[in-house]
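In this document, chain identifiers A, B, C and D correspond to the written order of the chains, with residue numbering beginning at 1 in each.
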Amino acid sequence: MRTAEEYVESLRKLNLEVYLFGEQVSNPVDHPIIRPSVNSVAMTYRLAQEPEHQELMTTISSLAGKRINRFTSIHQSNTDLVNKVKMQRLMGQRTGSCFQRCVGYDAMNALWSVTYETDEQYGTDYHRRFKEFVRYVQEEDLTVDGAMTDVKGDRGLRPSQQADPDMFLRVVERRDDGIVVNGAKAHQTGMINSHEVVVMPTLSLREEDRDYAVSFAIPTDSKGLFYIYGRQSCDTRKLEGGEIDVGNRNFGGQEVLAVFDHVFVPKERVFLCGEFEFVGRLVERFAAYHRQSYGGCKSGVGDVLIGAAAKAAEHNGVADAAHIRDKLVEMIHLNETLYACGLACSWEGHRTLAGNYEVDMLLANVCKQNVTRFPYEIARLAEDIAGGLMVTLPSERELRHPKVGAFMEKYLKGVAEVPAEHRMRLLRLIENMTLGTGAISYRTESMHGAGSPQAQRIMIARQANLEEKKRLACALVGVPE
Amino acid sequence: MRTAEEYVESLRKLNLEVYLFGEQVSNPVDHPIIRPSVNSVAMTYRLAQEPEHQELMTTISSLAGKRINRFTSIHQSNTDLVNKVKMQRLMGQRTGSCFQRCVGYDAMNALWSVTYETDEQYGTDYHRRFKEFVRYVQEEDLTVDGAMTDVKGDRGLRPSQQADPDMFLRVVERRDDGIVVNGAKAHQTGMINSHEVVVMPTLSLREEDRDYAVSFAIPTDSKGLFYIYGRQSCDTRKLEGGEIDVGNRNFGGQEVLAVFDHVFVPKERVFLCGEFEFVGRLVERFAAYHRQSYGGCKSGVGDVLIGAAAKAAEHNGVADAAHIRDKLVEMIHLNETLYACGLACSWEGHRTLAGNYEVDMLLANVCKQNVTRFPYEIARLAEDIAGGLMVTLPSERELRHPKVGAFMEKYLKGVAEVPAEHRMRLLRLIENMTLGTGAISYRTESMHGAGSPQAQRIMIARQANLEEKKRLACALVGVPE
Amino acid sequence: MRTAEEYVESLRKLNLEVYLFGEQVSNPVDHPIIRPSVNSVAMTYRLAQEPEHQELMTTISSLAGKRINRFTSIHQSNTDLVNKVKMQRLMGQRTGSCFQRCVGYDAMNALWSVTYETDEQYGTDYHRRFKEFVRYVQEEDLTVDGAMTDVKGDRGLRPSQQADPDMFLRVVERRDDGIVVNGAKAHQTGMINSHEVVVMPTLSLREEDRDYAVSFAIPTDSKGLFYIYGRQSCDTRKLEGGEIDVGNRNFGGQEVLAVFDHVFVPKERVFLCGEFEFVGRLVERFAAYHRQSYGGCKSGVGDVLIGAAAKAAEHNGVADAAHIRDKLVEMIHLNETLYACGLACSWEGHRTLAGNYEVDMLLANVCKQNVTRFPYEIARLAEDIAGGLMVTLPSERELRHPKVGAFMEKYLKGVAEVPAEHRMRLLRLIENMTLGTGAISYRTESMHGAGSPQAQRIMIARQANLEEKKRLACALVGVPE
Amino acid sequence: MRTAEEYVESLRKLNLEVYLFGEQVSNPVDHPIIRPSVNSVAMTYRLAQEPEHQELMTTISSLAGKRINRFTSIHQSNTDLVNKVKMQRLMGQRTGSCFQRCVGYDAMNALWSVTYETDEQYGTDYHRRFKEFVRYVQEEDLTVDGAMTDVKGDRGLRPSQQADPDMFLRVVERRDDGIVVNGAKAHQTGMINSHEVVVMPTLSLREEDRDYAVSFAIPTDSKGLFYIYGRQSCDTRKLEGGEIDVGNRNFGGQEVLAVFDHVFVPKERVFLCGEFEFVGRLVERFAAYHRQSYGGCKSGVGDVLIGAAAKAAEHNGVADAAHIRDKLVEMIHLNETLYACGLACSWEGHRTLAGNYEVDMLLANVCKQNVTRFPYEIARLAEDIAGGLMVTLPSERELRHPKVGAFMEKYLKGVAEVPAEHRMRLLRLIENMTLGTGAISYRTESMHGAGSPQAQRIMIARQANLEEKKRLACALVGVPE
């Protein structure tokens, strides 16, 4: 397995085309806006080297029998599913942010079974190809992005009905040695921190959308693939040179709009091409794995926010007030409910035909549905406890200013024994997680990542076996079905 | 294992002193008010005989190596903890009510480890005595009640501070062959359906409360022990002779106030007597097991309510309305969240020193805290879907009335193909579960059973390791601890 | 104005055909199941006689210039609308239940303007006829029911599409001297406590539903009109003869299914017949007035429940616990929010073309939407504070029992200075309001009375002027409309 | 009355000492970070000139009989209180932000009655002095800040107990011609857009805190008074030169930490000095007026956010999806509930001894308590509807980039007929209001402005007359008080 440093170095060697604030960025990995997100991924490498985290962060490859980073693994048991969630909580606790490497992990596990099932029906060669890809990823300890969300255009229309046929990524040319694709993937989390990207369709397709039924993997610096960097709330604070106002000094997430401008994909890397009936289950399975993920990562990030709020209360001298304690309990309660759902859908998972393990679909969707709600309430309570100073705090430069600095130190103190600067640091962390760059991963990603709330509701309706529930009720009152 | 019929017959042989509506009841098991609660417990015997439920309903005794009813077992693994929850969901689905047999099951598992630990410290003989008791229960396939909640008097005062010293059950005499106790236990669910009762203290005690630190088991028809039957909303509908208005025709719960009027307990059945420092952990462990339980039983009862609401919507002709579908999804979502928490605290349980398995304390309390909320919202949504007719429906007798019956059939129809009577039956079931006898177990018991909401909040605060969360936050922003 | 006693006496003279528990009731007013609902209406007469309540309970008739009971009045100002809400809160406080007389009050104010507008368009004579009716009601100080809700059959079908054409009340014969109607009205609150009933259609109608577009008033003992009494949770406790277990000893609500079996309506009492385009606004206006009402009455009933919970906490010795105080604050906060909405839609009302005052439509619907939620949460918190004893309390007869009574007094005490009986009385009141007969008006009626939640949402969408809001947003960001 | 331009010009003449990002700002009013907040205040002058808004924006002075800006007025009636709320909603709709001028308006109305009552008791001269001040403010059409919130230090300690005595602003010298004060006021909204500041204590005081019992008014550019500008989420986007990424191009709020470094206050401008018993009511009254305010301004800002979300849904092609429509209804419902509470506490206000009008204390606190919750839920729903693009959108510069711009236009389109730029503008507005500078006023200010949630709960408990509610409950069940 690579060290964190080797990972960062390997990124420097990629030849990525990235646009940010109107300019092409020459060395993305070292750009101050981008670097914190690199650090978050690097932490997945760092912790994997630490003996005390070996059980969670690594596992033995089912392909090569060697120890690998868990993020590159194919789940071999329910315990693997559970350890995934526990690893994610640990990572959330250590970065206070999105650490991005789950997307590819989830994509690989979804494709593992879907390529197998497609081959079963059509005699295609996808599963072998895909297995080779996974072997390569494990061998090289690569970070892999999973790209699903198309830009979608008019959401009332299907892919083939759009005014512009590229609103969903599609095959525009079929060649002997591979295919050429065109389109764009939105909201790509951690894509330019990745070595490879696994591309998947975004929704169930019909016969007429056959060209959109395509899945493949390519290096992130493939020809024709370029990136437009998404801006985040407070992103430019990272350009200011200080370390307080950014809140979370070292870690963060990243999203890009990835444009595939007539990109060639070699045949060996194509994992689905035209078999539209299998798209629905690919989407569902990826979504389910990724909805499970949120029960882990967001509860880990929640731990940080709860801790920050508790610390802010201490700084204010109100840690023992009954209403403060009660709000902290509520935050913990909600946070642990998310974790419980993440664990439950993992423990209740099952083996697929292809041999890997899949989460319980219903509970994974229930997990994510709670994630679309509770972090918002946890954040609201954190803001309540933090107090108004969180958003009226002057900048770090004022603290260093010859005249004003002394007044900042005097008047921004809470309890006498804690320096104003410590208080500022904690408040800026809460600001980061509720309003700033961290809020993108803690709030908006909780809402829309792995599918917006309504997507889970549709799955919950589908998975819940309402007919059986009606039968139970009728049986009790003697009404025939 | 006994059959359901044998269980009922064995109850008839008990010589119980029960008061109900101002009179002593001669044959409680056949009293129409009481019988549904007997039927619910009987279902725990019936399903244990059915091969398809053997895995959930039974297990192999760790003492005798024979197959026993799971309700009499000591947990030997996390799978046992999980199967408990799944069994409870099944039981909830089949009875639509509280089935009462969990209390003793949870009490026995808590006492198993606490008697062991007490013996370790004091060289007492409690664990052996208790093991004998469990062996007897398993051998005879008995139903055991767990009696914890004292009547408590002034809740601002400790037991020894009360104006009346009997407000908490206590030892009033110590004899060579045993002890004599006095006091009363409130809210006893399923006690007069049980063969034996395990008595425990209700809260952590101090030195001065030593006489209150007592735990033991005795037959429910012991001398000096009598019962005052609690009334439930709509209880007397069971005396009316019909089968529609009761809602749930066959099943229900039961609570009594159990008065211990100078009751003698033989030495061999005393499991704790004076060791006040062990009371706290006994209470906590029993509570934790019982808080886990609610993730199973209430989600099972919830299934029935969701099914009834879905059926009522069909009868109204609005099953496809978007807002109805969305409310059903919400009910399912909340219900599955309860189940997920029940499962998670079970899977994450651990082995005790005494060898049995205990749930994860934090997650079990989180589970129950959700149970104090979500059934209320599920019930509210069921009432929304059911419509006002649920509470304005005339009685069953009107349906049978020579003149009025025809108008009932004509005007209480929803969709043309469903007879009014079917609609009535389902609506009465929803009424039962939201307002009637069933609401006691679905709502109030969800609130207060296994401890009121505030009790869980105290435990959540204690278990959450807030210090560690503060450290995580401080580490991210470079503030020393 | 009549005294309460005269009102009750006048009811005795009505020749009503009422069926209850399978029998025709000879003297409904004195039937123990029915009497509490008579008492609630009687309170509207009683308080009107008390000088300190004159301002709220009475007003000067706009027709006759004499002082009349406000429940018979036509609103002449915003202050009248506001005083209506304040009167309703007072009535809720004094009865702890639904007092039933608002329905006709609201129906009369809606018909006042709709008959006027129908006449304006069609040159009909409805408004004069209706004015005569109002004059008669005021003169005689009558209680009037408003009957809107049809039984509806299959809710997916319009009136004229139903398998049975009577699922909505309709004109089946047009004669020179009047009309004959057939159908049934469900959930009729307080109808058999009323002297007259004003009948209205239940939903907007189209041309083909013309026969269903009918409104009129008739005496409640008209020929062909009979009543099937709806049962309520715990209704038969009123037959037991005690006064504790009923919870609310004296007051309650009442609902019937009213069957109109070929009932003749004299021409002079017909207020709409065939003018289907005016039905929508009649329904909307009645609903709006009635949705306003709930901001008053339910906050009054809420006051009682909050007070009962506070008292129960005192009895338990926990009145000063921080979490108890906080729950009471939450209950008060929610309750006052309901009241605030009731007041706001009244103060913001406006004059109609016919000269009476109408509430603000949007805010009245917002008011009722909150009523479909907050009483449920207030009730949940009351159950939390009350504790489990509320549903496990033995019956009143046990308290009087020679042996058991003493134990009841001993063990059901909370703080030493309050007798067990007082505690029982308060707990039974909370039970009444959350599970028993009182829960019908506090919970289910809050949900469905004046229209189910979805009905308000449709009105909110319609009234909110979303287009203007879009314009505001676009203007700020420079996007053309 | 001044024009908006005159107002801005007058600000330029102030000699303010302001620090921002480590430097003293020479001309604050034209600083791009600060200017939007000036524009918001300027709108209070602009709309006052527009005939169609004259009724809401202006009134006749009770002192001089001339037409004045309502923000400088003393309430003469309930209608004035109501028109205040309606004016605030209008202002919120037109600026989509905090417009800052309410603080002084509320401070003046609170001091009006408190100075009167202090004089009544002590024969002091405060009310006359204060009246002169108000006359001057009205005459010159000044913007006045109200400064209450001290920095507070350790919140567990009273002012005189703090390690540093300046943690609450206090009198450090009493001279014949006036007083000298020292301290700092935090979270000062709109202070450097104001001509004058009215200073008040922050909490009830005791005898020993007498030096802290001080209220006065001074010009904002008084000697010794300087400002440290608070930073807001995304503040520096205003320095980037574009107009899309800022979201709300023209309007915003502002907060400063105001340091009073031995500032002299002339006697004529001192309105309270040492009369500690009157501080509690000053704080309560100011808070009540200001809690009322939020029912107006935040519902106005909410209109903008609802409109933006509705527009975003249109752009996505999902405006007709049932779940989208339902979320918009929910947002409207919550928003109107806030407004209803603001109106209700105004209509129910009463005349003070000093002749001006005061809001209903209980309902004003209920209003604000809802404001601490509903905007958060409205924001969450807006983020749900907006979709993930809101936080992954590349910058405005990418849209103008020679290569990348075309891809932005192609791929960031929703429905075909709306250009990507329009979509971006609306999404950036939603981002502004939920995460960016606008979120400070819409979220955090809703939480903490006019007092944090717990402050309202204390007032609700105090105002609710719980004893009366207990009496109502006891009366119904025959329990003596």
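General remarks:
Operating definition for what follows: a contact is a pair of C-beta atoms (placed from the backbone, for glycine too) under 8 Å apart; a residue touches a chain by one contact, two chains touch by 3 or more.
Only a predicted model underlies this, so the values are computations on that prediction, with no experimental measurement involved.
Common neighbours of chain B and chain D, by the contact definition above: A, C.
The chain pair with the larger count of C-beta pairs in contact, out of A-C and A-D, is A-D. A turn of 180° superposes the CA atoms of chain B on those of chain C, with the angle given to the nearest 5.
Rounded to whole angstrom units, the spacing between the C-alpha centres of chain A and chain D is 37.
Computed from the mean C-alpha positions, the centre of chain A lies at a distance of 51 Å from the centre of chain C.
With centres set at the average Cα position, the gap from chain A to chain B is 40 Å. The set of chain C residues that touch two or more partner chains comprises 323, 326, 457. In the complex of the two chains, the chain D residues touching chain A come out as 19-23, 149, 151-157, 162-164, 166-167, 184, 186-187, 228-234, 236-237, 240, 245, 255-257, 259, 261, 316-318, 320-321, 323, 372-373, 376, 380, 383-384, 387-395, 397-398, 400-401, 403-404, 407-408, 410-416, 431, 435-436, 439-440, 443-445, 447-449, 452-454, 457. Residues 82, 93-96, 243-244, 247-251, 303-308, 310-311, 314, 325-326, 328-329, 332-333, 336-337, 339-341, 343-345, 347-348, 362-363, 366-367, 369-370, 422, 425-426, 428-429, 457, 460-461, 464, 466, 468-474, 476-479 of chain D are the ones touching chain C in the complex. Put simply, chain D touches chain B in their complex at residues 322-323, 326.
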